[in-house]
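Shared between the two complexes below is chain A, which has chain B as its partner in the first and chain C in the second.
== the complex of A and B ==
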């Protein structure tokens, strides 16, 4: 039983009007192998982004608009938040579980880095694989390359522990309970400086400094990022690699057996269970994998800014990340990347740049960064009114690329 | 029609695929299903009918694990499935459709069928990310099988359409295709012809008969319109107010006084 696919369809099945509409360039494009067509855009985007530190100075030199381009250091923060948004997208976008406490995973990751690569535990001295750290320094100092996966795994376990009791709830109730956990973890961190006399989190002061990544001189790679002259660039490239890994995993999982199960649960839980999908296990995996990437991003960010402070883990962050996912388009990887970078940019640099431009050119003293959450809220409201599925909506898009959404030939195939 | 009354007389296969003994379900003080004994013969097509509110869907939901019976036992294919969760029951080999179609609207027809194969596939997290040869082969085979099932169910050429964009009759067929993808030994259809016109109903019933004959499944259908199931069913069970009031061949059921009374009221016989 060979079913003719309409993808490479030829003959009468093919809709006649389409070829005529496409210009000669597009027809050439259609003739390229499918792999080339699919990979062209990602490869170009990755290259352009990867080279950003090389041309950022020339961009900044452009008159009047140059100031709007973010510095390399700001882009690192944008990437870290985008990475968390991609992780959150697995929970919210794929599995449809409204998680208002994602900041808890960010905190768990950041503190794992703080425990394993700082002087927090002065009573012990343990060095392994660390690079550019004085050997006499007390505390645990593991290589950041080990800390990142460990932070991910630790956060994954936290995700499972939080997920098992909460994921039995549906909809609004789940949102409320995750909101609760999102508050509990920062509170725990804030008060964790005296657990029966043991200082785990150093309370409101947070833990600082945290070691920077480095390669111990391996292959001529930098010994320690922070001690290098181009430290911001090194963090930038590393952040890009981490984001790419996250996107890759997210993409592969979406198209896997597990990804289908997540989307099925999002669409209809009862029907999903009737199709043999174990609800609790599948949802918990979505939660745990989302947590994993939040943890890795948090650990990397802690290493980048050399500190983990309880004040960083406000509820605002959870909402901010959720805004990125909603703005970009729930479930759509491209969408979330764009949403994450846009909102990340506005948050880190954009709003204050706009504000200073405004006051210098018009004399109006208006600082948009003071109203940032009002502005994000406005963006979301406008999106919901005009494009509720986000900048790039998840599924239809893909189908539109593969074939016309509707064509007449379909209706003849009824038996 | 694929199943004529003559075929019923010959025993089709050994034993019953599902046996429910004194199954009972209470919602607070209301007894929705009252100690019903029920069996589905292997490779048979049987129907459960009754007026609206007779407890058919409640009974059905106990077979599929959506509800846990208050009392009684359900044995499927040698396994006690009483009170097991739905996914475990599906894994053992009961596939189902829903009274009000419950497809995954944002997924394509093919993806819907692939979800049905969930418990028959093994792909895990790391394997899927890395894309091991074993998983790629599994996915490729699943893809082919999904296309075959769609074609078998009369949905040829529709595999990339979002299921919510399909016409009504095709959505019903897709639900069956998705249930078949779970590789069931027993197929449960909950009012499969609801909302169809008589012509579509007949076509659909022919399809169900064909599925049973060609795939060797047992089929249980729930209907409140008894005309629909009479042609294809080998045995009909009638529920009313949660109790089993009649069981037998379609011909007998049509003449059964208790059944006529349940459907048309007690005045019907007198008049």
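== the complex of A and C ==
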């Protein structure tokens, strides 16, 4: 938290010397209760973000810079990817397990939504709590509000199944194995249209359409998002709520017993084991919880764009999410949120906007969006070389990386 | 999970764990009591053996159904495996010395294939139906150019990307390697676009021999004609030269090697140069056999990495053996007709093997147990 707080957080009289240098406004600020000081920035950020659909049109009206503001629909995608990045941050940032196959969880979540809220299984007809869907429509139609946690749980189970055999491996081997699963699951999805004559995933065509969330007119809330006039805004608010829940869980988990165990494992696995932390169980939980959020985000995204297509789930997405975490700062929630939003923006709209601006103003025909993954690769390399703790460093992680100086080799590593 | 918890993870790896081992210098298996290995659960071993048994039975049945077809597919596997081997050695060399999975290696390979295409057909301007002399001269000339070039590029990758991170936590260079892989891939995309480049009509597809319905073509034999000398040269270099000795010493213990007066940085650069030039050989062969484009390196790099792990990472003969096995598996899977999963599943099968090896036998077929292993 970048809120001006002091160590200990007690009254201002403890450091009169510091206070003397601070202006009257800051002194007033210091006198506020600690809770207010800590929550001020998050509340302001949340409010400003929540109101985005209200003022986006006036922002877009501004001369020359207006085009750079993303539309509400694009922000939804940004939020979904940020949510996945927050989930990945639990695995990579907290527990220090490099996961190069996070896209598998995204796929698992998206396909859970596709199975439980579409016409995929035409041979069955089952409706429960759905809204805006004709009751005669074939296939399984659960309410999206039910599908989201179910997708999370399904993905969590997938995460545990993947994790149990592989989490014994350390570091780089684990990265490769997760990458392997990240490749196997999409291929399974692509080829899963004829499992002994049973069409599970509809092959390369993917499953579409998928039901949208809705409230059936409960409490005057919209019946069905997609049939509403302001459907993009409804999706936006829902995505924001989901992101807030994810961030809240991630924040509380970090300070919990489990979270402290994750950080202990990240810092020194041997020492953590010696202190009695059950390595396997703790790592598996990191994996499973990270997977859970990936699954929920994937299911929501599938519902938003009304489809789950195997072409969406490829290795580059995993690296894209990893890049968000690294850019923002591994283990830092604020960092990952910023990294996720920045890269999400670049991915969805930013690069193509920049490209079109560039070609219209200078005449250079360069499409940055074509090379987006090269750009992400460059970001990863530059960050790892020059600022491995990310834009907003997490304090402990920074210490950990700087401590690494002790490991320097005996010989001089001149280049 | 038994055995997964509480085992010390040495920061400095024990001597001889991930070293570059060759057939002659293979260290005796560690027998000291501290490194006694926990017994693998018998269920896992049984499962693995059953799986191998099923595969063998499947192969035998396929053989009896069409022996000539089977042998022909075997030869395809041998050819592909040889190319994979060249790339796999690149992974194994670098892993042996830095314990780094050089993710960018596959993309260096793909880029080298595309550059070889340019050199062959735009610089040397080899037209259709060239004579034997032109083919041989063209290939040798191209190899000289691309091998030098990609040795340099690989050294540059190490210099820019990995050298600064040598003291950093182990995941840092790995993440950088992933980034590097994307950068190189996009350089390929920027220069060559999305089209496939193929030189498959360079070497004639006429038969070398054709007995009992089994035929073998020149364009496949060419792969072996290039690969085998390259492998011999590499083995000679690693086992018989001072620089090779320095490489082996550095991979055993970097600090001790430095104390003994070995220039560690130069040795690492030379290792990367070797890996890069072998990747360039593989790139040309692959381009002449099949086709390459900017993203070929991702999948092929992972196949080659699997091969390196299968054989035992850090182990040179192991990498070649693993590559041949993977080549056979891929060829049988895609070529056989009786109950073969087919090419749709190749990637899953290769990764399944990778995961199974890492979980059940992390030391690989020939290698030693690494500190990573379970």
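In the analysis below, the second predicted complex is superposed on the first by the 376 of 415 C-alpha atoms of A that agree within 3 Å, B and C clash if a C-alpha of one lies under 4 Å from a C-alpha of the other, contacts with A are read in each partner's own complex, and residues count from 1 in each chain.
In the analysis below, contacts are C-beta pairs under 8 Å (C-beta built on N, C-alpha and C of every residue); 3 or more make two chains touch, one makes a residue touch a chain.
The structure displayed is predicted, hence computed values, not measured ones.
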| item | value |
| --- | --- |
| First, second, both or neither for A:289, with chain B first and chain C second | first |
| Partner chain in contact with A:379 - chain B first, chain C second, else both or neither | second |
| Broader residue contact with chain A after superposition on the shared chain, chain B or chain C | C |
| Touching partner for A:394 - first (chain B), second (chain C), both, neither | first |
| First, second, both or neither for A:175, with chain B first and chain C second | second |
| Touching partner for A:270 - first (chain B), second (chain C), both, neither | both |
| Chain B versus chain C as contact partner of A:257, first or second or both or neither | first |
| Which superposed partner A:187 touches (first chain B, second chain C, both, neither) | second |
| Which of chain B and chain C A:279 touches, first, second, both or neither | both |
| Which of chain B and chain C A:66 touches, first, second, both or neither | neither |
| Residues of chain A at both interfaces, chain B in one complex, chain C in the other | 270, 273-274, 278-279, 409-410, 413-415 |
| Complex interface listing, chain A residues touching chain C | 96, 98, 100, 164-173, 175-177, 179-181, 183-184, 187-188, 190-191, 269-270, 273-274, 278-280, 315-316, 319, 322-323, 326, 370-371, 373-381, 384-385, 388, 400-401, 404-405, 407-411, 413-415 |
| Complex contact set, residues of chain B against chain A | 64-66, 85-88, 90-91, 96, 98, 102-108, 111, 114-116, 118-125, 128-129, 131, 135, 139, 147-148, 150-152, 154-162, 165, 170, 178, 181-182 |
| Chain B contact footprint on chain A (complex, rising order) | 1, 3-4, 6-7, 13, 248-249, 252-253, 256-261, 263-264, 266-268, 270-279, 285, 289, 394-396, 399, 402-403, 406, 409-410, 413-415 |
| Chain A-facing residues of chain C, complex | 1, 3-9, 11, 99-101, 159-161, 163-176, 178-183, 185-187, 189-190, 254-255, 258-259, 264-265, 298, 302, 305, 309, 344-345, 347-348, 351-352, 354-355, 358-359, 362, 371-374 |
